[in-house]
Amino acid sequence: MSLGDKSVYSPLTNLKNLFKKPITVKYPKEILKVFPKDGVSPIYRGLHTNDLNKCIGCGMCQRICPFDAIEMKVIGENEQGRAIKKPVVDYGRCSFCGFCVDVCPTNSLKMSRHYIYKVKTVKSMSAKEEVEHIKQKFKLMPDESLGDDIGYNTGKAKKILG
Amino acid sequence: MEDLKANDKRSYIDNLIDFFRKRSIWMLHYCTGCGAVELPPSMTSRWDIERFGIVPMATPRQADVLLVTGYVSLKTLKRIIKIYEQMPEPKWVLAFGSCTVNGGIYWDSYNTITNLAEYIPVDITVSGCMPRPEAVIDALQTLMEMIQSGEGGAYKKYKENYEYYKKNQDRVLRKTAPILGSSETESIYQEKEGNYET
Amino acid sequence: MKLDKESIIELLNQKGVEVLDLYPNQISVNIKKDNLLNHLVFLRSIGFDHLSFINAVDFIDEGEFELVYHVWSYTHKIHVLNKVRISRNNPVIPTIVNLWEQAQFYEQEIHEFFGIIFEGNKDLSPLFLENWVDIPPLRKDFDTKEFSVRLFGAEIRR
Amino acid sequence: MMDSPSYMLSKIAEKDNLTVYELFFGPNHPGMHGNFGYVLEMIGTEIVKVRPNAGHLHRGFEKLMEQKLWVQNIALVPRICVADPDPNEVAYCTAIEKILRVDIPDRAKFLRTITLEMSRLSSFLMGMGALAAAVGLYTAMNIMTADRDLILDLFEWLTGARVYHMFSIPGGVRNDLADGFVERLYKVLDHLEKRLIEYDKLLFENPIIHKRLKGLGYVSKEDAVKYGLTGPNLRASGNPYDVRVDDPYAAYPYLDVRVITQEGGDALTRAIQIRLEFEETINLIRRALKTMPEGEIRLNLGNLSALKVPKGEAYAKVESSKGEFGYYVVSDGGMKPYRVAVRGPSLPAGLLLAQKHLPKMKIDDVAAWMASLAICPPDIDK
Amino acid sequence: MIAAIRVFGYSLFAIFIGLLFMGIGRKIIARIQLRLGPPFYQAFLDVGKLFARKSITHNFVMDLGMIMSLAGLLSTMLFVPVAGHMAIKTSSNLILIIYLMAIGHLGMAMAAAASGNPNATIGVSRALTMMLGYEIPFFTVMLGLIIFNGTSSLELIAQSQAGGILNWNMVKFPLGFLAAEIALQAIMGEKPFDAMVAPAEIASGPMVELGGKYLGLAFLTHAVSIFVETGIMVNLFMGGASNVFTFVLKQFEIYLITILIEAVFPRFRIEQAVKFLWTVPMSIAVVQLAIILL
């Protein structure tokens, strides 16, 4: 298409948009209907979910995480007396890159298609307590609760990071 | 208009004023960090937060809510504090992204702060390494509910804990202690009026 | 007229400059500090007129800074890395602002991050950092993790 | 210089002792794109002197990258330029692959090229929208940003994230096209081409746009090369140089990239240049999709988290929508890069041209001048 | 006493209509941009919120300036006949109306200049230059109408166009209407001529330092100015209606034209705007004047 020369009437042709249907996605009531599954993309990198009985607490995700967002937390002892460790993701550091999911040997750590997580201010707290409060609330131990809607799910078998 | 019913402890006038404040939040047109690239999609035709009455305004005087989107470098922190103090009451702060909680991906950088709540009171902190437009709209909806129920009062905290915030701000924005001769010079935590005031 | 890589290497060897052939269209050249200017003037005369950018690398164990002047020729489609080694304790090098004006900002940036002084550059004021009193941050002996923990209270995990 | 208005104005100022006042076209200004600032010394509405006030977005990338493993930097690198993240990933990976002297499989090359061109489309849309908003045409900005969202949906489908894709890794790309992706990509490209007619009518044939942008920020053909301008700014001044043709990478050797140049060099030519390149990018993606081979999408470089790049250095260039993005990577054979230096395309345009163009300009054109040069402050500060 | 109540009633009516038009205008612009847009009563919500906020003033000149600008506009409104009847029985002299309108803009200029922000002073200088720009073509068109009707009272001009559309001034003097329409675009500060509140250049010009109640007053001033300017156009060219409802409808038609132009055109630089205003609408108005005189 060649670029026409300038004329006063050409912008006025855009007024026909008045009679077209607006393309707004009315978010709280409607959601995105672009992908095979409604909402976000089928392989969306959202908040983590972790299948706690498949997870062997090997710490591979902790080593690959570029920003030390994952910390292995001891949550008990197994029969041989060795500590059972599970990853805790600090969403104050996580960049949602998905490397931890790529290197997970047992493919237990996955990323769900959920992305809403927020912390509101607490009126009664003073400023100093508030800072700690926010930092604590953003450290989540991923478990099966978000597992209903799996998004990014690769695992070591796909040999993405070798 | 169901949210107009006067609940017990707040008079009808308070509810009406909160309804006005809820339905016409004006945000400051200032993109502090990289999260600001998700604001144009939210403000324009596809997600359109103007249907809630949320419009970007040019100056702090006209703005109600300050969106801190993403990381905050030292220079930006100085401007954010100045802008926050210029905004008239009632004002709110939304912190987007992981960089405002625990430093995010620049936690070990020498030029970005780790937690925004140490310097100015934050109403809602949203997770996401750049929250997507739906998360932005969800955060703004939560802010609207907080305003309607009178819960959004973080700006009152700025006055109550002013010396805590001021101490943090001065600690960060004043000159940092030089490492060159750092062995004998006192560390900046002892708050001694050193010879830094050049 | 378009020269290919071999003839350019040939030309540079005549000038008494040792050339390393890195990649199909990239060669690197080590030059001394004092004939940096006329080397760049020569390169520019044979067609290398695009200064991509200047950057510095801090080889702390050899006690030297290495300044790399990236020059590209639109006609020959060749990229030349001109490397200059200067000592680390008094890092001084002549400026090339009168060859390319945008070098002014690259030199300001390098001065701010490495502390290298460019003789002849009128304005080496800091560009990015505000009232910074520490050692220039991009030097290898500046530890950004320790700085971030001390000033901003970052948590170190491992 | 003698007859320039600002010189005469300063003469008048001395006579009538008008004070030169400082105006912060600073970080918080609706006309400012990104978090950047100019301190303008002005008389009336005429700018006499300008001082750039950069550094608001400085996060010290080059220092952080020296402390992370080779593959971990992939999560850090796209954050350098927000509008156009993919060239950073591809340039960083190409530099590593140059040092490793490996050649990635063809399908990976094509996937990288398609993500680069899609990111170029989304950045052009945002650039044109920002230019329209700078002169007050909010309708164009609204519709262009909505169309840009369609491309972000495709990115979300291909890579899993809207803006920061972290899609290419040393040795190839992370995942392959989902089925149904190519059909939707064709549909979006046709929609954009249809919408282009509307943009022409609204923006490029608008007489007031021509009046506002004609002659603003003129850069001659030789000056463009001398000042180090690259990308659409260089080609709008008449120089037919494009990194995808001069120094091809990824799949560009297999595709014929048509370089568009225009004589003119002012803001209007740059705006039309971006529009023509937008149209050419759509056709380039279609050509790439047709000739995309099947096959492997990653090279097996062993365990990437223990990747050791041999001693050496390399400079890799990528043509982003704003110009030449360069990565100079130095490796000392260890697990972490010894030094990564990033060349952002907006530094010559944002800092040097500001000294050249702004002093004789009025305050009303600063926003339009900056949008026409597509200045992206994050890649000045890095 | 009755006059006081009528004046108060008229002012509330003008503010209500103005805010209503602003809300509907924003909705139409949103629909042109293919998006949903705010509810039509959004302007009332904005004004309600603004008056519930703390506001910061720099000096008393800023307070008085804002009040003066609203008072100036409201006083102009009193002299514009709305469907034949007016708040107080006076002559609705056209020249008096134009003089009073300038007071409103001067009030805003005084408040903005007192706020001390350089952006505001640049905005004020632009607003006054723009006033210079649009008044000359607008006066020429009115001069033509005054000469044709032999009277400068707006009421009589309106009555002279009674009966059918055919003898509306818009039909009798199409060129005059076109020139006045372009000038109206500048009077209302809409897009091609909105250099004074250009957010991208001078951060919303005169309203930079106005927050809270002052911005509320500025909103009301803008609402009344919409009512007044469209009212003048309706009386001059569309034969002021018999009852109030058709008057408001005609006012909305005029406002609709300005909104449609605003949605699809960028803004001129200030000197381009004045040059455009002094050449294009001015020449049309002079031709119209020549037709009337011959």
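Per-chain numbering from 1; labels A, B, C, D and E assigned in written order.
In this section, a residue touches a chain if its C-beta (ideal position, glycine included) is under 8 Å from a C-beta of that chain, and two chains touch if they have at least 3 such contacts.
The model shown is predicted, which means the values in this text are computed figures rather than measured ones.
Trainee: Check every other chain and keep only those touching both subunit B and subunit C; list them.
Mentor: Where subunit B and subunit C share a partner, that partner set is A, D.
Trainee: Moving step by step between touching chains, how few steps can get you from subunit B to subunit E?
Mentor: The distance in steps between these two chains is 1.
Trainee: Suppose chain centres are the mean of their C-alpha atoms. Which chain sits farthest from subunit C?
Mentor: Relative to subunit C, the chain with the farthest C-alpha centre is E.
Trainee: Which chain has the mean of its C-alpha atoms lying nearest to the mean of all protein C-alpha atoms shown?
Mentor: Central chain is D.
Trainee: Let me have the rounded angstrom distance from the C-alpha centre of subunit A over to the C-alpha centre of subunit B, please.
Mentor: 22
Trainee: Return the distance between the CA-based centres of subunit A and subunit E, expressed in whole Å.
Mentor: 51
Trainee: Give, as an integer number of Å, the spacing between the C-alpha centres of subunit D and subunit A.
Mentor: Centre-to-centre distance between subunit A and subunit D: 27 Å.
Trainee: In whole angstrom, how far does the Cα centroid of subunit D sit from the Cα centroid of subunit E?
Mentor: It comes to 43 Å between the two C-alpha centres.
Trainee: Mind pulling the subunit C residues that touch 2 or more other chains?
Mentor: Within subunit C, residues 128-130, 137, 142, 144-145 contact more than one other chain.
Trainee: Any chance you could list the residues of subunit A touching two or more other chains?
Mentor: Only 11, 14, 17, 22-24, 26, 32, 40, 66-68, 95-96 qualify.
Trainee: Find every residue in subunit B that makes contact with two or more other chains and list them.
Mentor: Counting only residues that touch two or more other chains, subunit B contributes 29, 44-48, 51, 58-59, 75, 102-103, 105, 107-112, 115, 118, 129, 132.
Trainee: Pairs of chains that touch, anyone?
Mentor: After working through each pair, the chains in contact turn out to be A-B, A-C, A-D, A-E, B-C, B-D, B-E, C-D, D-E.
Trainee: Which positions of subunit A touch subunit E when the two form their complex?
Mentor: Touching subunit E from subunit A are residues 11-12, 14-15, 17-18, 20, 22-24, 26.
Trainee: Over in the complex, which subunit E residues touch subunit D? Could you list them?
Mentor: 29, 32-35, 118-119, 122, 125, 191-192, 194-195, 198-204, 263-270, 272
Trainee: For a test of understanding, state which residues of subunit C touch subunit A in their complex under the given definition.
Mentor: That would be residues 156-158 of subunit C.
Trainee: Would you mind writing out the residues of subunit B in touch with subunit A in their complex?
Mentor: 45-48, 51, 98, 101-105, 107, 115, 117-118, 121-129, 131-135, 137-139, 141-142, 146, 151-154, 157, 160-161, 164-165
Trainee: Under the definition above, what is the set of subunit C residues touching subunit D in their complex?
Mentor: Spelled out, the residues of subunit C in touch with subunit D are 22-23, 25-26, 28, 49-53, 55, 57-58, 68, 70, 74, 77, 79, 81, 100-102, 104-106, 113, 127-130, 137-138, 142, 144-145.
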